[in-house]
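Each structure below is given as structure tokens.
In the two complexes below, subunit A is the common chain; its partner is subunit B in one and subunit C in the other.
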Partner chain A sequence: MPDTGVIHDIGYQRYEGPRLGRGYAARSLYVHGIRSAYGLGRSAWAKVLPMGVLAFASMASLILVVINTQLPTQVIDYVGIASTFTYAATVFVAVVAPELVSVDLRSNLLQLYLSRPLRKSDYALTKLASLATATFLLFAIPMLIMFLGMAFNTDSGIGGVLDEVGGFAQGLVAAAIHAALLSALGLPLASLSGRRVFASGMIIALFLLTTPISGALQAFGNGALADLGGLMDPSSLLNGVDQWLFGPGIGIVRTGDFGAVYGLVTVALIALGTYLLVLRYKKVKS
Partner chain B sequence: MPLIETTALQKRYDNKVTALADLTVAIEPGVVGLVGVNGAGKSTLIKLALGLLEPTGGRIRVLGLDPVADGDRVRARVGYMPEHDCLPPDMIAAEFVTHMARVSGLPKAMARERASETLRHVGLYEERYRRIGGYSTGMKQRVKLAQALVHDPELLLLDEPTNGLDPAGRRAMLDLVHRIGTDFGISVVVCSHLLGEIERICTSLVAIDAGRLLRSATLDSMTQARDLLMVEVDEDAEALAAALVSQGLEVRTDNRVLYVRIEDSSTDGDVYDKIRDAVADLDLPLHRIERQRHQVADLFREVANA
Partner chain C sequence: MNLTIMSLTARAMLGRKRVLMLLPMPIILIGLTLIGVTSGASDAQWGPVVFSSLGISVILPLTALIIGSSALGLEIDDGTITHLLTKPLPRSEIVLSKLAVAWLVTAVATGVPLAAAALIAGSGTLAVGLVIGAAIGGLAYSALFLALSVMTKRPVAVGLVYIVLWENILVSYVSGTRIFSVRQHATAIADSIGNTQLIDASVSVTTALVMAVIFIVVGTVGATQRLRSFALTGDAN
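Then we have the complex of A and B:
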């Protein structure tokens, strides 16, 4: 009889359990991406900016609930949150996109992912999905707060709650479109540089430098030129899509009769960004 | 079945740089040392085996599969430890290895369990709850090994695992690799440009040079066939060499040191006697006579020179 209370080294154990394939590997990477976008599982400093932007947006949404319920008409609705929070989301993407891809390039972690069942395109698309989901949450959580606030404050019973559900659903659709476009523009840029600073800078530059061009076209152009000027920068473009789909709520840009063009350009840009991202990882040195 | 089998394998980068030229080799299970100078094509061979690169000519099969067509299946059964740093500094080691286990296809609970077990096997205990950024080079190398081992691969590819380690760290890492090959029962291909270092732990060696196979054999067959006696005299080594050659011995001179080849152990005493007599006849000051320990390196040098 061996003595009780002795810890025996049972040695190395072979793994006989299941090995889930590529799909599971991609899902694991996806969840990991969303978590690290918000700094979970990383250092305290990594949480400051993404969590800060989210907290700020949630607080703004809470204030909106108060204003909306105090005033006779709703000032900003759910789609309005998507439109007005675009700039905050831009900052979020500029900070988080490099975190998702540049760090993997710089630390060579990409090499370890690619030596596993994942393929290069799996990696690229999974990272894009992570960023889009994280950005979507940045819109959706404040919208949820607004929904809860408005639904509890409604004066018209269940009908009022259903109205809010409809608005909330529209808001989520707008949030998904915003998240998809901003991610599809930001991630390919971030994947070009292993330096976080440069990657963030490129994304900020894309969003900031296009704004005056689009603004100038809208201000000084006439007719169709002015109506199409909003296509030139992402925030105006997204606002145009919001107006086209859900009617003029927050009208930052004038789209005239070209609402569908805004929609088409958005879809085309999402497709192009995704394609370029996959192409970029096809060419990555392994 | 060989672990890795190549036939006339060729890899050229951008049609200019030739990393591998006509490499035909069969790597059998065990602890296999893949040796060659820097740039000989070791890392390229490993990347071809993982399906990360496509060959520009010839054929490669890993665990009986084609790594280009069946890359996912090959990579699920192979563990890879790259040469260079590849760890995210702001993750906790235990979480990182768990994450990599999941990306290799292990369910969540199993991934967590195997991650802490594997980290213990590579010698990281309480430290595994610290951030990797604060680790020493030796600890980072252990984490790199753990992530390659965590999904219990059939084949482990280690690219220069002793890179950047101090002598004690090198020894510990090599012992660990040896233990993985013998106790854990996992076949290992370990790349190194330091032959003397890995010959201690390998069951066979494959030497490549300029993208071609130099030699491939089990360590037993090499050392048996080629035992050398090192004889050092203070003066007139040439005369002694001539005397020994005339006795029918095979001798190579390196400054004042003679290397005398011993065919097999039964005639050992004979050779010792001949050397003693020759030294005595020439009245030379004999400095030392000893059996060469690092004869494998010597062997490869001979082949390279020839």
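Then we have the complex of A and C:
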């Protein structure tokens, strides 16, 4: 009886070709994240909701172009679009964020990702970036439609077009802020649960439950308390930032003289959400 | 009704850590009621904000969405629904048992805090009205979301669109759509019994009751019919 087995060298070779590395893996994951946010490359049912919200927003913006060009004064500007569509964007985040992280948790895909050069924090930040980009597109595409409509309708030649470019740029900045805050609040919550039901529930609970709180504070608080009431919920907070940065186009929120506070709180919340997300993935076993 | 299915569903729903998710909502409700009572504002000023905008418009649908779509949805997700479907039970019995548990949990989780808030506000009749409104509205919501969880792979996504885009946005622009809004039915029922300044409804009670019954019947029958020809497919991501 032979005492031990032997592994014969039948010419095993090492891989010596180029290795694409961490950056490539992160980029691939980022693109994949944006695609899966809109259901591209997935079943038709996965496309219905994100595409539906986008189509709804684009149609609304088309209608707004018609109203804007027919009436003597502009009823809504680019920043106004960002403020008005925040509500639809919260639904979008609540549906898409679990799609990005909960499915990976539930089907134990995370270990596979982490066996690549990708680090845990890369995974977290990449997912956050894809959610933020997808949400940004939800604002930016309707704004682009409005820009095209308004630019072709302008009566004052190239000067009118340049005015529209300025407004469009302001709108994109507002869209970026909205997308960053909503994703930084939504994704850490989604990453707590592997079930889409509960992940979506937690996110929408955060957005919906806080609205009446700030509404109540603004309705029956007084003075500074009422001015700061808008800090309590994400959509009033974002509208407050819009008003602070781009002037009172549409005064939805009472901010008083505290515009800068709204800006600071937004930045702090984005940083906090990102930090918590990275922290949450630090604990994952790989 | 089948007691075994009911107890298994209740255990799956309440026996885990995630039941704690329901805790923040009553705390916020009671907290805002206390602020409202002590702020010195008139009843008509703060009451509707707390009882309609928060209580019946957010807490009731959200609780029903989470509970209603997980009652049967979790089993479909996990594939354990096959065990239920292979038992010699009428499909209507499965649906009714699941619906009963979802309804009981929703009604208790929303009715009790709402009643407590109404009592703090000093209106006993409103407490009764809110409990009955939450019970009827909760049943209609549960039936709707239960049916959604059998009909689509993404019940929560569709449910969220209904709650946020239909009931919140569309109803505030196109007032006719409010007769298809369960929260308006619940508000109307609570208002007609409570009869105080603390809450105000925009549809009549008769319409509300009729529409709520339609929601309940259509949801239950729809879910049963769909479960009769149910095909278990893979997880379609």
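What to note about this one:
In this section, the second predicted complex is superposed on the first by the 269 of 286 C-alpha atoms of A that agree within 3 Å, B and C clash if a C-alpha of one lies under 4 Å from a C-alpha of the other, contacts with A are read in each partner's own complex, and residues count from 1 in each chain.
What we mean here is this: a residue touches a chain if its C-beta (ideal position, glycine included) is under 8 Å from a C-beta of that chain, and two chains touch if they have at least 3 such contacts.
Given the structure is predicted, the values throughout are model-derived calculations rather than measurements.
In the superposed model, A:160 makes contact with neither subunit B nor subunit C.
In the overlay built on the shared chain, the residue A:197 is in contact with subunit C alone; subunit B does not reach it. Shared-chain residue A:263: touches no atom of subunit B or subunit C.
Contacts of A:43 after superposition on the shared chain: both subunit B and subunit C are touched.
Shared-chain residue A:103: touches subunit B and subunit C both. Using the contact criterion defined above for the overlaid structures, shared-chain residue A:213 touches subunit C, although it does not reach subunit B.
In the superposed model, A:17 makes contact with subunit B only, not with subunit C.
By the touch criterion defined above, A:28 lies against subunit B but remains apart from subunit C after alignment on the C-alpha atoms of chain A. Shared interface residues of subunit A, touching subunit B in one complex and subunit C in the other, are 42-43, 46, 103, 107.
Those residues of subunit A that touch subunit C in the complex are listed here as 36, 42-43, 45-46, 49, 52, 56, 87-88, 90-91, 94-95, 99, 103, 107, 193, 195-198, 200-202, 204-205, 208-209, 211-213, 215-216, 219-221. Residues 18, 21, 24-25, 28, 32, 35-36, 39, 41, 45-46, 49-50, 53-54, 58-59, 62, 65-66, 69-70, 73-74, 77, 152-158, 160-161, 163-165, 168-169, 235-237 of subunit C touch subunit A in their complex. On the subunit B side of its complex with subunit A, the touching residues are 47, 50, 52-53, 71-73, 75-76, 78, 80, 82, 84-92, 95, 99-100, 102-107, 110, 114, 117, 121, 131, 147, 151-152, 183-185.
Taken together, the subunit A residues at the contact with subunit B in this complex read 11-15, 17-22, 24-25, 28-29, 32, 41-43, 46, 103-104, 107-109, 111-119, 286.
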